[in-house]
Structures are given as C-alpha cells and as structure tokens.
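See the structures that follow.
Paired with chain B in one complex and with chain C in the other, chain A is shared by the two complexes that follow.
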Partner chain A sequence: MSTRSRLLLCVAGLGALHLGVACAGFFAPYDPTAQDREHPYAPPMPLHFVDARGGFHLLPFFYAQELQAGTFDQYLENRSRAIPVEFFVSGAPYHVLGVFPLRIHLLGGGDVQMYLLGSDGYGRDLLSRILFGGQVSLLAGLIGAGLTLSIGLCIGTVAGFWGGWKDEVLMRVAELFLALPWIYLLFAMRAFLPLTVPPLKAFLLVVIVIAAVGWARPARMVRGIVLSAKERDFVRSARGFGASDAYLLRRHIVPETASVVLTQAAILVPQFVLAEMTLSFLGLGVPEPVASWGNMLSSLQHYNVLVSYWWMYLPALAMVPFFLGYLLLESLLQGSYATSKIE
Partner chain B sequence: MRCAPGSNVSERRARLGHIGTVLAAISSCFLAIQAAGSFPTYANAKEELLRVAGEIGRPGGRIVIALRSEPKTLNPLIAADATSREVIGAMQADLVHINRATQLTEPALAKAWKMSADGLQYTLTLRQGLKFSDGRPVDIEDVLFTLRVYLDEGVHATQRDLLIVGGKPIAVRKVDAQTVAFTLAKPYGVGERLFDGLMILPRHLLETAYKEGKLSSAGGLGTAANQWAGLGPFRLKEYVAGQRLILERNPYYWKADEQGNRLPYLDEIVFLFVPSADAQVLRFQSGETDIISRLGAENFSVLSRQARDYRMADAGPGLEYNFLFFNLNELGEKAPADMARKQSWFRSEKFRQAVSLAIDREAIVRLVYQGRGAALWGPVTPGNPRWADASIAHPTRSLDKSRQLLAEAGFRMAKGESAEPQLLDAAGRPVEFSIVTSASNADRAKMAALIQDDLKQLGMRVQVVPLELRSLIDRITQTKEYDACVLGIVSFDADPNSDLNVWLSSGGMHLWNLSQKHPATDWEAEIDRLMEQQLTATNAEQRKKSYDRVQEILGEHQPMVFLASPDILVGAKKSIGNFRPAVLEPYVLWNVDQLYQRNGAENARR
Partner chain C sequence: MTRFLLRRIAHAVFLLFGVSVLAFFFTTFAPGNYFDDMRLNPQISAERLTALRADYQLDRPMVVRYLRWARSVLHGDLGLSFAYNTAVGPLLWTRARNTLLLTGTATVLTWMLALPLGVWSAEKLGRPADVALSWATAVLLIIPDLTLALGLLVLAVRSGWLPTGGLVSVGFGGFSAAHRVRDVAWHMVLPVTVLVASALPVLLRHVRAAVAEALEAPFLRAAEGHGISRGRLLYRYVLPAAAHPLIALFGFSLGTLLSASLLVEVVMSWPGLGPFLLEAILARDLYVVIGGVLLSTLFLVAGNFVADLLLFWVDPRIRAEASRR
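Let's turn to the complex of A and B:
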C-alpha cells in the first residue's frame, strides 16, 4: 500500500472515530448525567445470543441485574428473563453537533436500564459518559492544537522572516513561555475566575490558556524552517523578480512549513487531550456532572474504586484508538514528506 | 465543636471567638483564687487507684496507629485540631471525664464531686496519691494553676469560652489540700461535663513559661521528653518529624483494672503520620498499623471484604451532621445586585422548605455512605438518642409538594431554550445558584452532586464548586461570597452546649448568618432564648424540652437543610483486646489505657 493510501485510510479511521464521538447522543443509550440511584457501580452487562436454556436469539439480549439485598454494590443477574436489545429507540433528547435536536438512540434496553459498560457511583451509564466525555476531551485537543499552531505559525514566521531585533525579542519571549510552570498558572487562573462561570466556558478558557502558553515550541520549529526557506534559490529569485514580502510568505515560505505544522498537529492533539485529562483529574477541568475522560478517571483516585470496580478504567481505554490513530498519522505524515522531498 | 474531618474549621473557630455562653461578653477576667498557696506534704499519701471494668489484659506490647496529619502541638491549652487532641487525650487527664461509651460523666482525677442546691457551686475532691508522668506528685496548686492559665486571656486557650458562665469566668477556691470549689455566676445546665477536657497541667514545668508569657508556645512536638508531663496513661518518648510520634507507658497512671493491675497495659503507642486515607487503608491492610478509625464507608467495605486477621466494626451513627445552607448574611449595600436577587430567594422560607423536600436523603445515605449512615432532619443524630427530638417531622421526599411550595412563593416554571424545565422567580429570572463544598471531602462533593440532580428536577440550575478548604472557609466566614454550601459539623460532645455557637445568632459558627448583633428573625431570637434557657436550667427535663423546641424551630424554618450522618467505622487487629469503639471522639482511643495485645509473641517479633 502506498504511503498516500495508508494516510487516507488513517485519516478516514480517525474521522470515523471522531464522528462517533461527535454523534455521541445517537450512539449513547442514555443521557450521560441521568442518575439511576438504584444501580450504583453496576458491572457491565454482557450481550448474549444464547440464553440459559440454550435457545439461540437472532438479536442480542441481556439479563437485568438486581441489587442483592443488604449490599451496596453486589448484583445478581436475573436469568429468568432475557431482555432483547432494542434498536433505534426514542429516548433522552440530545443535540447532534450541538445544533439539531433529536431523540433517536441506536440502542436501548426498553424498560430495563442497560449498562453495556457498567455504571458509575451515581448509577450513570458509563458508555454514554465515555462517548459524551470524548466530546469534551477531543474538543480540548482540537481547539488547543489549532490555537497553539496558529499562534506558533504567526510568531515563528515573523521571527524567521524578518529576523533582527524582532527575532531576538520573540525568541526570548518564547523561551520565557517554555519555562513557565503552566500548571500553577492554571491553578491561579481558576482561583481568579468567579464561581458562577458556567463549567464549559471556564473549561474553554482554560484550554485557551494552555494553548496560549504552548505556542513557543512550534514557533521555534517554524522559525527554523522559515530561516532556511528564505535563503533558498527559488525564494531569492522570486525576490529578484520583485515579489513582495506578502507574496513570498504566501506563495513560497509558509507552504514550506506545512510538513512541520501538520506533524505538530498530529502530536499536539493527543497532548492536549492528555492535558485536559490531567486538569480534570486534578479537579481543574470540567466539573460534575458534565462528563470528560479526565474527570471520569479521577474517581480512580479512590482506593476502593481502584480495587473494586475494574470498569471504571474504561475511559482510559477509550483514548487508546484515538492516540494510536494520531501517532500513526504523525509518522505517516513525516514519511510522506520525507519521500516527497526526495522526489 | 469542630467541623468534620476533611474540613477542619476548628482552628478557625478558636479565632472566631464568641463561643461558650451567650453572655460571654469578653470582659477582663480575673480568676478569683482565694486560696493561700502552701505546699502540702506527700510523704505518706496513699494511692487511690480508680478501678475500671473490662477484660483483664496482659501487660506489654505496643500498638501502631496512623494519624492523618502530624499533631500541631502537645499543649492541651491551644490544641484545636483533631489529631492533636487525639494524641493529647492519651497523655493528659481531666478532673471529671465523659465516658465515650456511655456518654455519661464519671470520676477521673476528681474521685467525687458535689453540686450545691442552687447549682452555683461544685466541690471536687482530688484522688489521693496522684503523680504526673515524670513522678512529681500532683497537688491542689496544680489544679488552681491549670484554671488560672485556661482563663488567662493572654494564653488564648481554646476552651476558655466554655469556662465563662453568665459572662463571668468560673471562680476557683481551694477548700483543703484535696478539695477545690468552683463557683459559677449562673447555674450551668451542662453540669460537671464542664470539666471534661480540662487537662490538669504540671505547674512545675509550665509556671516559668507562663510567667514569661510563653505558655502558648510550650509543648511543641520538639519538646524534650523530660520537659513534658501529664496525667494520662502515656507519656512522650520520641518524635521524628514527618514520620512518627512514640508514647510510652506512664508508670504513675492512676487507673487499675478490676484485679488491681495498674493500667495501661501497653508499653508503647506509635503514631505514624500517613496523610491520605487510602494510604492508611493500605497500611492497615498490610498489618503495619493495628487500628484504623475515621474510615469512609467505601474503604470500610473494601477492608470488610478482605478481612483476615482484623475485624471491622460499625459503631453506628456518630455525631457528625452534614447539611446544606444558604447565604443569609446581611451583605449591606455593597452586595452585587445578582447576590441580592439570590438572597431574596434564599430568605424565602418556602424556597428552603421546597429544597429540603426535594432532597433524596435516602439516596445520600445509600450512595455516599453505602447505607452506613442515617438520614437527618435535624442536627441531633441517632447516635445521640438522649438529646434527639423524637417528635421532629421526617417528611418524605416529594417533588410535587416542593413545586407547590415554590408556586406559593411566587416561582413558576418556564420552558427553557433546551427541553429541560427551568424555574423562574417572580421577576421572571431563572433560578441559578452554586453550591460550594470542600474539594478534599469526597463524601460532601458527592452529596452536592446528588442535590444538584434533585434540584434539577425542580428546574433549578445548580453548579457544584469544589473549593480548596481554606478558600471555602474564607468565603463562608470572611468575604461571604457564596450562594450555598454543603458542610458538616462533628459535635465533640453529645450535650447541646457543644454546638452553642452554631445555634446562637451571635455565634461565630452560626453559619448561615454569622455573628449577628441582633437576631435577624424572630425564630432566631427564640432559639437564642431557648438555648440560654437550657444553658441555665439545672433540670435535665427542662433542658431537653428547650432543646427539643430548638430542633423543631430548625426543622420548621430550615436555615440548614440537614442531610445525613455517617456511621463511625473502625477496624482493629483481632489481637487487640478491649477494643470498644464509641461514637464520640476519639472513637477508638478513648479507652487506650485498657487496650492490650493478646498475642505477646507477635509483638516481640515486631
């Protein structure tokens, strides 16, 4: 398979994963904040095709779990009744991509709550939370990376292209930013925000701040590319023919940085997703009841959750395909640029 | 009174002052010591050991216990935090002691006491032959010295306010070499419980520091073992900063078991400093520590599931009560308009009642405490049956009734931009507010999340804001910039007076509207009057009646929406004898003098 088709495949795969998360409302059986107080820490309910009496079912079914009397989190499968999984059911209202209101869900358990990936301490469906949590975490990654790269690109280009004191000043500022202890900066920032800032707004603000702090590294890389590009023969000759700075930048120099910018993007997106997870884990990210991978994992800070409920680790697994996808993309991009250079 | 573990308001409380009696107008305090000091002789003093019931243990061995933080001091005068008090409890003793199991008073350093008919005078007789842990005999001058320093304003003793009755400090007078008389300005309903926690201090070690004005800095953890003494079962042996504190057996202790063996049985107690609850669980599980207390329900169930050589005990609901309260402080004109609008909702009694009716307390007990707790409708928990008002209403959760109350108060429902219902106030503005809670207390954060979901069903948009403890306390007591808060208080005694400064409108812990000059409402004025009444009544029935009425008023007006009380959950190795956890602090170490190691060989190995 050529690098190009592999690249396309990788982008398609990542796109599909992102689409799944973007349409979380459809794939999630329930509202991610709805509490089912009768089923805290319900373990995942496996889907069956063959029932207890050996009968085969064409459509998957599951068994309801009933809390054992006198316990808090011990469940027994009620095997007397196979509950078929329903498809395209009407359920909790949601918005696709935050715009179109809908009620249709891919799966549902009818009158019985179906926990395909278990439930958390409030009896909230973990599958729904992972899907909706992905929206927050991935959005943080994409917005963060986008912002960082645009700032980095502008500053790097200016510093590299015009050089002189502008370069000096910008690069020294970049070094200053590299040395900033950003986590303390965020702690301080959260303390200054008023209590009543809506959680998502506060969170976006935090993402913007990390992005604003993180521009230094890409800016330095872009500067390097620009420095070498502006001395290349075709740029010099274009200048000789009377090309303006703006034309040179647009036509010759900025396109040269594409390889760096794209590979950086593929590295930065998962990095910012991780940053979101770290922040939420520390309680600086999105607060309850909004789901994000970070705050879902933060329940693992408690020893009892760590040893008692293995399905609470699942949000960590959810990010694996995304990270692998992005890393693959990054290495493919690097490879494709390397080969194109040789050509 | 102090706030629950995880939200130590106690130190702050000490500074807030205005604790103790209503009439504790801080005036100059002169302790009337009428006794002429003279040193009695001890040569032939006969020892009067106090015999206590319990299993007969075997001497020797040590126990290891983890503390959540290092104690801040060994000095009982200024100790405000729970860990300091826990350690001091093993090193010091008081004249009259509240038995943590029976919750009744019993003789301690005073072998007997007598109250005068008018309730104004207590005469206490000291046990004979008492010696401090350094071997120095105790005399009545030590008692007088103790009272003098406790009452000295310059010392800032945390218990000082409790010793001011009717606006005047308690007067102490020496009667004879073994007897001392305390005179009160007004009858004091608490009675001899007053003397609990009043640790008798060694005058020979502290008088110089006192005269130099350095008493409040004495008793730091770095104090040399021979420079510190007490009357408790153990004495200081070694302190390693950041790691451990070791106490050794006090050979002069004044208690004995039923066979006359001098207590305590153990040779040593080792306190390890283990800051996180989870780390404490791991240490206990691995056998590194012998006793674990202040357990959360979740860790308790983890330990119970894997119990091997230890046993876990649920001592029933303790005295911690958790509650939600709204900011009802008079903020004056500088308050932002937004806050004034919110306060107009919070001040509506029907609004508060509606909130209370909508909260699923049963779910809180089940999901937060895994069923190991009790739902609350008043401040007195089932762990304190003597003072709980049995007739207090326990309305079942009803969203319909809540909605009805809100409608009566002028609120109405609107269709918001999304499909979720939205409650609007009389002026048509959406009802949105935030609940602050301590980020370090997972239980309360969980309660707040459940309340958030309950109130969502009434159309209220609630945000839960976990704050670092210090900034939380600062917001509640200083800046008063908050809407509502979920907090908990642990009463240190079953007696209602331990929470006096919570209920009095002038109190520094009257959380919803702090330190008022005049009661803001009629019912707060009535609570003030009732609390004063029970304070001065000497008749227990009368006191109970007054306090019952206080509980009813609180239930009616809901300044605090009471939520739930956790059980006291503890565990100990099976080899520990006489292990009898109580619901009063210190839950497991209250009978540390009787604890013993059943298995000597195991100890030797360690």
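Let's turn to the complex of A and C:
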C-alpha cells in the first residue's frame, strides 16, 4: 500500500471515530445527565445471542440486573427473561452537532433500563456518558490545538520573517514557556483563574489554558521553516519582482510551514485531550453534571469505587483508539513528508 | 570555559527571574484569595479579615510584595504559606524529597532499560526482534499515564497483591530498619512502573535512532576489520558516537525529576509535590504554588546545565569551539 492510501485510510478511520462521538446522541441509548436513582452502580449488562436454555437469537438480547433487597449496589442477573434490544427507538431528545433536534436512538432496552457498560453512582448510563464526554474532551483537544497552532504560526512567522528585536523578544518568551514543565504551567495557569465556574465557562477556560501553554514549540519550528524559506531563490526573485510582504507570506512562506503545522497538529490534539482529562480528573476542569472523560474518572479517586465498581474505569480506555489513530497519522505524515522531500 | 559557565548561569538567573515575575503578575489578577472562604464564616468578623489580610501583606501593591518575597527567597523561605502558617521552603523540601525518591528510582530504571534495549534494537534494525520491540513501544506510547496508573490501581485493588497508595504501611514507626526499606520499596512498585512505562518508549526510540545512525559510520567498518568484538564495539565505540542527543535527553530527564510524577502521585496518593501543589491551588495558597513552579524551573535549568557540562566534557568539537571564542 502506498503512503498516500495509508494516510487516507488513517484519516478516514479517525474521521469515523470522531463522527461517532459527534453523533453521540444517536449512538447513546440515554441522556447523559438522566439519573436513575433506583439503579446506582449497576454492573455492565453484556449483549448475548445464546440464551440460558441454549436457544439462539438472531438479534442480540440482554438480561436485566435486579437490585437485591436490603442492599443499594448488589445486583442479580435475572436469567429467566431475555430482553431483546430494540433498534432505532424513540427516546430522550438530543441535538446532532448541537443543531439538529432528533429523538431517534440506535439502541434501546424498551421498558427495562439497559446499561451496556454499567451505570455510575447516580444511575447514569456509562455508555452515554462516555460518548457525550468524548465530545467535551475531543472538542477541548481540537479547539486547543487549533488555537495553539494559530498562535504558534503567527508568532513563528513574525519572528522568522521580520527578525530583529521582534524575533529576540518573542523567542525569549518562547524559551520561558519551553523551560517550564507543562504540567506545572497547566497547574499554575489554572491556579490563577477562578475555581468554581459554570460548565461552559470552565470548558472555555480549560481550552484557553491548554492553548496558552503549548504554543512555544510550534512557534519555534515555524520560525525555523520561515527563516530558511525566506532565503530560498524563488522567494528572493519574487521579492525582486516587487512582491509585497503580505503576498510573499501568503503565497510562498506560510504554505511551506504546512508540513510542520500538520505534524504538530497530530501530536498536539491527543496531548491536549490528555491535558483536559488531567485537569478535569483533578477537579480543575469541566465540572459535573457535564460529562468529560477526565471528570468521569475522578470518582476512581474514592477507594470504595476503585474496589467495587471496576467499570467506572472504562472511560480511561475510550481514548486509546483515538490516540492510536493520531500516532499513526503522525508517523505517516512524517514519513510522507520525508519521502516527498527526497523526491 | 569560565565565560561559557558565566553565560549559562546568567541565562538561568534571567529565566528564574522571568518566571517569578510572570507568576506574581498572574497572582495580582487572580480573582479571590486564601481568605475569601472565611468571609462566609460568621465567627470571623470583617475587621479580623482585614487584619489577617494586612498580616499577610495581601493589601500591599504587587511591587512591594514581590520585593519582600524576593528577600525571603534569599533566606531560603520562599514566602509564607497561608494554610500552614510557616515558611514555604522547608514545606516544599519535605515533599520534594518524596517526589525525588520516586522519580530518581524511575529515571535510573528507565535509562538502565532503554540503553541496552535501544542498542540491541538498533543492531537488529528491521529484523523481527526490532519490529516486535517497536510495536511494544508503540503500544506503551498510546496508553497515556493516567489510563495506565488507574488501570494498575484497579488491578492492584482487585488482586490485593500490591499496596494501593501512600508511602508507608500502617505501623511504619515500629518496623526495623530492613523492614522499613522493604516497606517503602513495596509501595514504590506501582508508581515506578507507571513512570518507567510512560518514559521508556520515548527514550527507547531516541536511543535506537541515535545508535542506528552511529552504526552507519565508516569508522565502525574499520574497527570491525581490526577484529574488535561486537559487544566492545557497540558499547565502547558506537554508544559514545551516539552520545550527543542522548546527553541532551539525559539533561531533560534530570530536569523533569520534580514534574514527571505529579499526576501519578495524585492518583497513587504518594505524599510528594503533586498532591501538595493541587491542595495549594484549590486553597489559593499562592506562595506555595509559586514556590513549586520556581523549584521545578530550577530543576529544569539545572538539568540543561548538567547536560551542557557533560557535552562539553564528552564532545571535543564543543570544547574547541568554546576555546576559540
């Protein structure tokens, strides 16, 4: 397989994963904030095809978990009744991509609550929360990376193209940001901002903090590219023909930085998703009741959750396929740019 | 040599100064302070709060506070913690010791694993053994440390084989010396595993790349022709030739000694800087936060400095260039 088709395959895979999370409302059986106080910490109910009597079902079914009398978190699987999974059911309303209102869900358990990945302490469906939490975490990573790369691109271009005291000052500041370990920087930035804020504001704050921390490395790389690009012969001759700075930048210099920016994006997005998770996990990020992969994990800081409800760990695994995709994308991008340079 | 040293030290001082000013700049704009929560307490009067704020100099302008703080830095105090009502320096130091115990062990282990594995994999470049190792590092690379730490914790809790957090067991005071060492080592297994697993893949890839590049050099063909054994060739000739990027990486590992383990410490409730700083952030204990940031910057600067010195010592080209200048 050529590098190009591999790259396309990888992008398609990543796109499909992101689309799945973007359409969380459709794939999630329930509303992520809907509570079911009758079923706290219900264990996962796996889908079956073969029932207790050995009969085969064409469509998957599950067994209900029934709360044992006198306990609040001990469940017994009711094997006597196989509950068929219903497809394309009408359920809780949601918005696709935040715009189109819909009610249709891929899966539903009918009149029985179906917790395919279990439920949390408030009886909220973990699968729905993982899908909706992915929207928050991935969006924070994507917007953060976009912001950081824009800042880095601007600063790197200014420093590299105009040079002089601008270059000197900007690169000194960049050094300052590179010198600080990023988790401290994240901590410190967050420490100097308000602590208790509503979810949307907290989300924006997290994104801004993450973006403000990471711009230095891309800025330095962009500066290096711009420095070498502006001495290239075709740029010099364009300048000799009277091209303005703005034209040179738009037409010749900024396009040269595309390889660095794209590769950095593939590195930064997962790193920033992780940054959001870290902040939210520590209680400095997106607060409840909004789900994010980070704040869903923070309940694991309680010993009893860690001991008794292993499925609360599942959100930590949700990001692994995304990270795999981005790692592949990064190595493929680096490979393709290395070979295109040789050609 | 002296000029080189002086330049590096001046640079370090400038960096630390810049970081401290930046931190102070942010604190003046930070909404809320340590005493805000007390306003809700009916037993503390408004006058008492004003007096408290005056006691801790919170009502003074930023420049005055900065100068007073700078003077206390020279005494090694690093300001006053609001929550503990003592100097920040000693507080940070007791926590930093625990962090260093953890990260120091992890760093030594990581390098001890990465060097032989990297050399081995570079020697077998492209063969099944190398490919298998590359896949293993890729797997480690896509599992973030938060996932790994929590996963190991879940496993440890469910199996009951390993302690699930903290530095020592209950009743540590009554243990004999050997038992104490064993107890601490036992508690270190999980966090050190996570730290090694998260640092190893990156380091391994760099060692492999550097050694693979050095293996291409013509002088090796010559050395091989002289009948020098393979092991001696790899560790006495190739590794020094590949040392340049590795020394820079070593400086970086030294520099991140105080920051690499923050998250792992919080997850595994290790009494190091991580939980301490988190607590300080949540309580708005600003001088503790500034002190922590400054201390970790100091470590990074020192790590780079050590790397520069090592490069100076190892690489004759740098020495020649420095003496020419």
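Heads up, the rule we're going with is that the second predicted complex is superposed on the first by the 322 of 343 C-alpha atoms of A that agree within 3 Å, B and C clash if a C-alpha of one lies under 4 Å from a C-alpha of the other, contacts with A are read in each partner's own complex, and residues count from 1 in each chain.
The definition used in the following text is that contacts are C-beta pairs under 8 Å (C-beta built on N, C-alpha and C of every residue); 3 or more make two chains touch, one makes a residue touch a chain.
Treat the numbers as computed from the prediction; the structure is a model and nothing was measured.
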With the two complexes superposed on chain A, say which partner A:72 touches: chain B (first), chain C (second), both, or neither.
first
Between chain B (first) and chain C (second), which, if any, makes contact with A:287: first, second, both or neither?
first
More chain A residues in contact - chain B or chain C:
C
Is A:319 touching the first partner chain B, the second partner chain C, both, or neither of them?
second
I'd like to know which partner A:162 touches here: chain B for first, chain C for second, both or neither.
neither
Once chain A of both complexes is superposed, is A:302 in touch with chain B (first), chain C (second), both, or neither?
first
Which holds for A:101: it touches chain B only (first), chain C only (second), both, or neither?
first
Applying the document's definition of touch, where does A:40 land relative to chain B and chain C: first, second, both, or neither?
first
Across the two complexes, find the residues of chain A that touch chain B and also touch chain C.
191, 195, 283, 303, 307
Chain A residues touching chain B in their complex are 33, 35, 37, 40, 72-73, 93, 101, 121-123, 191, 195-196, 198-199, 283, 287-289, 302-305, 307-308
How about chain A: which of its residues touch chain C in the complex?
172, 175-176, 179-181, 183-185, 187-195, 274, 277-278, 281-284, 297, 300-301, 303, 306-307, 310, 313, 316-317, 319-320, 323-324, 327
Chain C residues touching chain A in their complex are 15, 18-19, 22-23, 26-27, 29-32, 138, 141-144, 146-147, 150-151, 153-154, 157-158, 164, 255-256, 258-260, 262-263, 266-267, 277-278, 280-282, 284, 286, 289-290, 292-293, 296-297, 300-301
If we count contacts the way the header does, which residues on chain B are in touch with chain A in the complex?
277-278, 281-282, 296-299, 301-302, 360, 363, 366-367, 370-371, 418-419, 432, 434, 436, 439, 442, 445-446, 449-450, 452-453, 463-466, 471, 481-483
